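Read through the structures below before going on.
What follows is chain A paired twice: with chain B in the first complex and chain C in the second.
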Partner chain A sequence: MAIQLTHLTKHFGDTPVLDDITATINEGEFYVLVGPSGSGKSTILRIIAGLIPATSGDIYFDDKKVTDAAPKDRHLAMVFQNYALLPFMSVAENIRFGLHNLHLSTADEDARVADALQMVHLSDLADRKPKELSGGQQQRVAVARAIATQANLVLMDEPLSNLDAQLRTEMREELVELHKALKMTLIYVTHDQTEAMTMGERIMVLNDHRIQQVGTPLELYNHPQNAFVATFIGSPKMNMFTVTVDAAAKTITLPMVDEDGRPALIPLPAGIPSGTYQLGVRPEKVRLSLASASEYDVPVTVVNVASLGRASNVAVKNSDVEFIADIAEQFPEDAAKAFVTFPTAAADLHFFAPDTGLAVTSAAEKAGVTDGIA
Partner chain B sequence: MVSHNETAVPATATPTPAKRHPWWRSAFWFLLPSLVIMTVFTYYPMVMTVFNSLFATNLTGAAAKFVGFGNYVTIFSDPLFFKSLTNTFIFVACDSVGVILLALLLARLATARIRGAGFFRTAFASTMGVSAAAASILWIFLFNPSVGLISIGLKQLGFGNVNILTDPTGAMIAVILSSIWMGSGFAFLNLLGALQSVPQDYYDVASLAGWSSWRQTWKITIPMVSPTLFFLIVVEVIGAFKTFTQIDLITGGGPDNTTNFIAYKVYQDAFNYRNIGIASAEAIVLTVIIAVATWIQFRYTERKVYYQ
Partner chain C sequence: MKYAKRTIHYVLLILIALLVMAPLLLGIWASLLPTTDIVAGHFNSLNISLNNYVAAIQTTPVVLYMWNSLVISSLIMVGQLIFCTLAAYAFAFLQFRFKNGIFFAFLITMMLPFEAQIIPNFQTVRALGWLDSYPGLTIPFFTSAFGVFMLRQAFLQVPRELKEYSDLIGLGRLQFLTRIVLPYTRSTIITFVLYTFLTHWNAYLWPLITTFSDAHRPTQVGLKQLQSEDTFNNWGVIMATAIMVLLPTLLILIIGQRYFRKGLNAGGVKG
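Coming up: the complex of A and B.
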């Protein structure tokens, strides 16, 4: 089922919650709504479910307008963050709970429950009460209740937030596989950009009640349309510097000093007009070495080394500007000084207008980016 | 990175056990005041009641002659005692059911997301702050045959001039109504808290699954608040068995003992007729009845209660 949202707005009293949300979600798509707390993503989900009304705007399922339809007439299933398993009902009863609307025979209901439990690998636990299950198992029951309805549209509201890190990673994969097998339209709300990036086919980034950008994970990562998306997507987050561009001299002046105490310059690779910008550089594009290799290297003091084993996130500082270099090797934890080499490719330097935060792109930047391994 | 210092545990942070006072010595002093109060006002009277129930007592209330179970034989051959027992059972059933249903209804209304719900929450809970004596006076006015709102209302509805408090059935209904009103505040507040702690997600899932609101109430709300309901039933039943103030002030047990309940009869026998032995035996019977009623509830009702 394809979902269309047209100019949705929502106010709670005088408080705006959603502002002009327009989007199309394709049939069978794994669509993620991501944003910080209070950005309105759960509200969108609840409006789609019909649990709360929109202040204005419309919702279409395929070409049918459902804006005013009751929740039960929308034929969708929903998975909640706290699983919403009734504590006095067994696992099987909780799954059957979601089937009420379908008016199935008892035999059909039993079959649906058994199938759903098998899909989430919990067939043995049908008669247990929720409190006898682990958090991960409870989460599977909540998913089983949704898939047992065989609804064409499943909504998930932060379903993995209550799980520990390892279980969350496992469940991410399982949900993606489940979606591949069942091919329902899945709208998934999360505040965790890693979850959004790893699971979503397309992602809507929300902030301040508005859509910031919609795109595939790599579109968002490589071509953030504004400074919010640039810093929200990616971990560790993109470094941001206030810089001055001199188009004639083809230089970027960083808010740092070189070894001689003069303003640090790096070459400007593409046609950006002169002026002040926010420059975004991904931490993994910042190279770090113990000895200077080029005239454009910037000397830094090492503030902190977070060793991940296979890589290191090194916090460095120059002239009170602290930023992160994410290097794919182990960095000496006792190093006090180092040299930073900023990227020179247009694709790796993201310019944003200082007032609006909107991306200022050059043709060369667009051209230089390849989605994944080219 | 921050490195943790693993050796910096102070060697002598706590004194050795030998130097400390035994734990029960300070506990004793903390518990002593309430032990004294409980002994004087609860335990001693309890023991004395059992003791007195086995004695014929004189007019000063002192035990005069050991009669064994004589007092019990006397009260169980007294038709008035059985009448007050029957009255009490009718009252307990109507009052506790009425209080819980009314409180449940009010709590459900007060959780509705409407403007001004806060005012009603306070209003519904406020009967808790009214003493039984003040409330009784209030209801006497309401039932007053010439100026009472209820009497006037009944007259307007075509029932003519009724004096509720002198009518045998009317008096019982009056006592039940006023008691339900008095008890509803406490039950309301408890149920309100219980209702508000039921997660909204359950109702969301139910409405997506097409459950009617009636079904949601029976299958989600009632089981989720069942611990509170059970607690309230136990407390309300015990309280109803002990009802005294309303009777004493509103009906005085009348007319013709139709609202004479056991607790009131105990009082009459003890202080009007100065028969402490008989009153003590009646009090013991009341205690046994309450204990049995409570045991039955734990035995048969608690199984249906879901504890989180």
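Coming up: the complex of A and C.
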């Protein structure tokens, strides 16, 4: 089932919650709504479910307007953050109770319950009460309850955020596999960008009650349309610097100094007019070495080395500007000084207008040229 | 060392229990003795029998009193369960104007002692012609501010998502109440129901002033009646009736203590 949202807005009294949300979610898509808390993502989910009314705007399920339809008439299933299981019913009874509205024969209900339990690997625990299960198992029951309805649309509201880190990673994979097997349209709300990036086929980034950008994980990562998306997507966060561009001299002046105490310069790719910008550079595009190799290298003091074994996140500093270099190798933990080489490719330098935060794209980037394999 | 400590604890507990239960044990013992022994103060007499109980059942209306109490307490129990549940549901789940103000007004009535309400209530019931009848003994108690308050607190613990879930699967309000909220708050509901039953089983003042005949008189008033009848000072029989009246209370306390603990906590402690 395809979902269409047209100009949805929502106010609670005078408090705006959503502002002009328009989006299309394709049939069978794993669609993620991601944003910091208070960005309105859960509200969108509840408006789609019909649990709360939109102030204005419309919702279509496959061209059928459902804006005013009751939740039960929308034939969707939902998985909640706190699972919303009924504690006085067994696992199997919980799943069966969710079929209440479908008026199936007892044999059909039995089959659905058994199938759903098997899909989430809980067949052995059918007679347990939710309280007797671990958090991860409870969440699997909640998922089983949703898929047993065979709804074409499943909504999930931060389903993994009550689980511990390891379990969350496991459940992510299970949910992705489940979606591949069942091919229902899945709308998934999370505040965790890693979850969004690893699970979503397409992602809507929300902030400040508005859509910031919609795209595939790599589109968001490689071509953030504004400074918010740039810093929100990716871990560690994109480094942001206030820079001055001189188009005639083809240089970018960083808010740092070189070895001689003069303002540090790096070369400017074509297509960016002179002016002041926010420059975003992904930590993994910042190269770090112990000796200077080029005239554009910037000397830095090492503030902290976080060793991950296969990689290192090194916090470095120049002129009170601290930023992160994410290097794919081990870095000496006792190093005090180092040199930073900033990227020169247009695709790796993200310029944002200092007032609006909107991306200022160079001609090369507009043409879709990137350094990546994609 | 560990055992010594535990032994001391148990000895103390048993002593205190004996102290607390002494009147009850004495009462049970006395109910088995002939009145002549009780009056003479021969409590160490071994002349025990169930004769007092037989006499109580045969010569006093105690069975009728107990029947009346059972009917009255049960009716009130059902009435309060229905009305307090519905009112608590409104306060916990619905949004309406002046909700907090109305709830506050409910709570204020809890601070008004029952004795102060007796005269207006009496006038109302008399005007309705309900004196000395089951309606007069039950209908004024079909709701209680305490019950509404206690159930509202319990209902507020029901996660909002369960309401959303029940909307999604198409449960109406009444179904949400009966199939989700009531089972979810089961221990509070059981506590409330048993508490209501006990309160009205032991009711004294209201039945005292509104009943004039044995036909509708409940146990507590009936017991007092037995004692005050001039010709009747058969203490053995009085003790036997008292023990019989006490039995349901004990039974409910023993069966319900698990829920009492859980239910009364559930109202007060969050989570």
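Everything that follows uses one rule, which is that the second predicted complex is superposed on the first by the 366 of 374 C-alpha atoms of A that agree within 3 Å, B and C clash if a C-alpha of one lies under 4 Å from a C-alpha of the other, contacts with A are read in each partner's own complex, and residues count from 1 in each chain.
FYI, contacts are C-beta pairs under 8 Å (C-beta built on N, C-alpha and C of every residue); 3 or more make two chains touch, one makes a residue touch a chain.
In this text the structure is predicted, and so the values were computed from the model without any measurement.
Aligning the shared chain A places chain B and chain C in steric conflict.
After overlaying the two complexes on the shared chain, residue contacts for A:182 are found with neither chain B nor chain C. In the overlay built on the shared chain, the residue A:304 is in contact with chain B alone; chain C does not reach it. Contact with neither chain B nor chain C is seen for A:23 once the two complexes are overlaid on the shared chain. After overlaying the two complexes on the shared chain, residue contacts for A:88 are found with chain B and with chain C alike. Judged by the touch definition given at the top, the superposed model places A:80 against both chain B and chain C.
Judged by the touch definition given at the top, the superposed model places A:333 against chain B, while chain C stays out of reach.
Taking chain A as the reference chain, the count of touched residues is higher for B when chain B and chain C are set side by side. When both complexes are aligned on chain A by C-alpha atoms, chain A residues 46, 49, 51, 70-72, 76-78, 80, 82, 84, 86-88, 97-98, 100-101 touch chain B in the first and chain C in the second.
Those residues of chain A whose C-beta lies close enough to touch chain B in the complex are 46, 49, 51, 70-72, 74, 76-78, 80, 82-84, 86-88, 97-101, 145, 149, 304-307, 333. Of all residues in chain A, those touching chain C in their complex are 46, 49-51, 70-72, 76-78, 80-82, 84, 86-88, 97-98, 100-101.
Chain C makes touch with chain A in their complex at residues 159, 161-162, 164-165, 167-171, 180, 183-184, 186.
Those residues of chain B that touch chain A in the complex are listed here as 1, 199, 201-202, 204-211, 220, 223-224, 306, 308.
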